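A single structure is presented below for examination.
Each chain gets a letter, A, B, C and D, in the order it is written, and its residues are counted from 1.
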Amino acid sequence: MEDMLVWGRQVLASQPFSMLLGAELLAFSEGSAELKVPIRPELKQQHGFAHGGVVSYAADNAITYAGGSVLGPAVVTSEFKINYVRPAIGEFIVARAAVVHAGKSQAVCRCEVHASSDGKESLCAVAQGTIARLGQSSGSQ
Amino acid sequence: MEDMLVWGRQVLASQPFSMLLGAELLAFSEGSAELKVPIRPELKQQHGFAHGGVVSYAADNAITYAGGSVLGPAVVTSEFKINYVRPAIGEFIVARAAVVHAGKSQAVCRCEVHASSDGKESLCAVAQGTIARLGQSSGSQ
Amino acid sequence: MEDMLVWGRQVLASQPFSMLLGAELLAFSEGSAELKVPIRPELKQQHGFAHGGVVSYAADNAITYAGGSVLGPAVVTSEFKINYVRPAIGEFIVARAAVVHAGKSQAVCRCEVHASSDGKESLCAVAQGTIARLGQSSGSQ
Amino acid sequence: MEDMLVWGRQVLASQPFSMLLGAELLAFSEGSAELKVPIRPELKQQHGFAHGGVVSYAADNAITYAGGSVLGPAVVTSEFKINYVRPAIGEFIVARAAVVHAGKSQAVCRCEVHASSDGKESLCAVAQGTIARLGQSSGSQ
């Protein structure tokens, strides 16, 4: 739904850290979200790849959006786990998250982060975590 | 060892993303590392706390340092898991990581992230992960 | 390949714990594995569901098989993470694991565990973890 | 408190799977729990070590007890993550779990699993996870 994407982008714009990183919400619908982060020079580590912290930011925020799409706007990531599988090389990364299971107060989500280089995507990380309604958990974000 | 801290700070200074975030290496010795990130306005989310991505960056990078202290400089985080337990409110966060077990090519590390406000610390996240020697794994960072 | 399934079943039969639990390897091919565990009374917890330890055993062993299908027979689970999403109620659980990314010495795998009751499956857990070639890591199993 | 240990042992005795594995609750007090599992032949894998599923059972159940010590008896493990660091060789394993942070409906706990051989302990796994009050989450166990 177009309205949902508009709302999601307003939320993102209200997060100074997401703006510092240059994140963009590409898609947002019930049960899924897609977040893009351009790999600008200041987001790299010493070997020229996107820093792991940028990749995990994208995964974490994408699963928060996916969870929020079914639980409502007041949600946080309670916990997540990420496996880095390849260096994030290219022009941007895109994190695609989906809800695996949603209860009343929590949702379990998964995410894949791809790096895009010259129009070709390669998987750089996979993540899995729990999103909780605020006031139902002990999370931060 | 003072030399080790000097070397660690040079590595940190070579990571553009760590510089963007304003990270500082407070301590670095065999088996442990301590990383501080001031909670500047641009590192916050919409509720005024440090963004979860900043907290997970600190945890991830601190365990990479802890692992690197026993495995050598060419290491990456293969994977990690983080539980956020409280909003990160205050002037800065500090991530303290320690090696739990080190093998030849990998080390398992744990980390606690505290937020410091008016000189008082409160735990905001705990993490656990695997650091691998480059060329031995499939990680990125 | 039929030979692969035969070999996989021989490995399972050589694991006393898998035999104690009554595990069966339903499918085993390059990049994936499917493991079934009947929910016998002695595998339950106090509320009548399959114990979480049975569900995590199935997830852990299924990802070990999936990883072994691409890395060779001498593999161990280095680490994994599991989210329980529903009680495991029914006649049996089935864990389906697939390789997400394989390097030379490690593979990252994901798994879904479903409970089957009266022919109807429901998701009860999702897992993600790292499988390593023996001698390359510090894992056990 | 002695009463707490007595109650904890009654709960364990009501779990058929824990009885099948021969688990014993060694200690149980506010914020911590200690669970022992003798490494009987039927709990091994093909190399003669305790199966990873036994190690993860012990970690999972120990953190459930630790969480239950502060949240009350009706709790489940929502999720956990485990890193295996050494083969579990010896006469028994012991999982020691402690609460890291407790909220109203959830607690985050950590656990170390040691194998004991000829009176000498060695770390074989570390775990971290979330325990939730029943009805507050979507977990199983």
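Keep in mind that, in the parts below, a residue touches a chain if its C-beta (ideal position, glycine included) is under 8 Å from a C-beta of that chain, and two chains touch if they have at least 3 such contacts.
On a predicted model such as this, the values are computed, not experimentally measured, just so you know.
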{"item": "A-D or B-D - the one linked by more C-beta pairs in contact", "value": "B-D"}
{"item": "Of all other chains, the one whose Cα centre sits farthest from chain D", "value": "A"}
{"item": "Centroid distance [mean C-alpha coordinates] between chain D and chain B, Å", "value": "28"}
{"item": "Interchain centroid distance [CA atoms averaged], chain A/chain D, Å", "value": "32"}
{"item": "Junction residues of chain B, two or more chains touched", "value": "78-79, 81, 83, 85-86, 101, 103, 108, 130, 138"}
{"item": "In the complex, chain A residues that touch chain D", "value": "78-79, 81, 101-103, 105-106, 108, 130, 136-138"}
{"item": "Residues of chain C that touch chain D when the two form their complex", "value": "11, 14-21, 41-46, 49-57, 60-61, 64, 76-88, 124-125, 138-141"}
{"item": "Chain C contact footprint on chain A (complex, rising order)", "value": "81, 83, 85-86, 100-101, 103, 108, 110, 123, 126-130"}
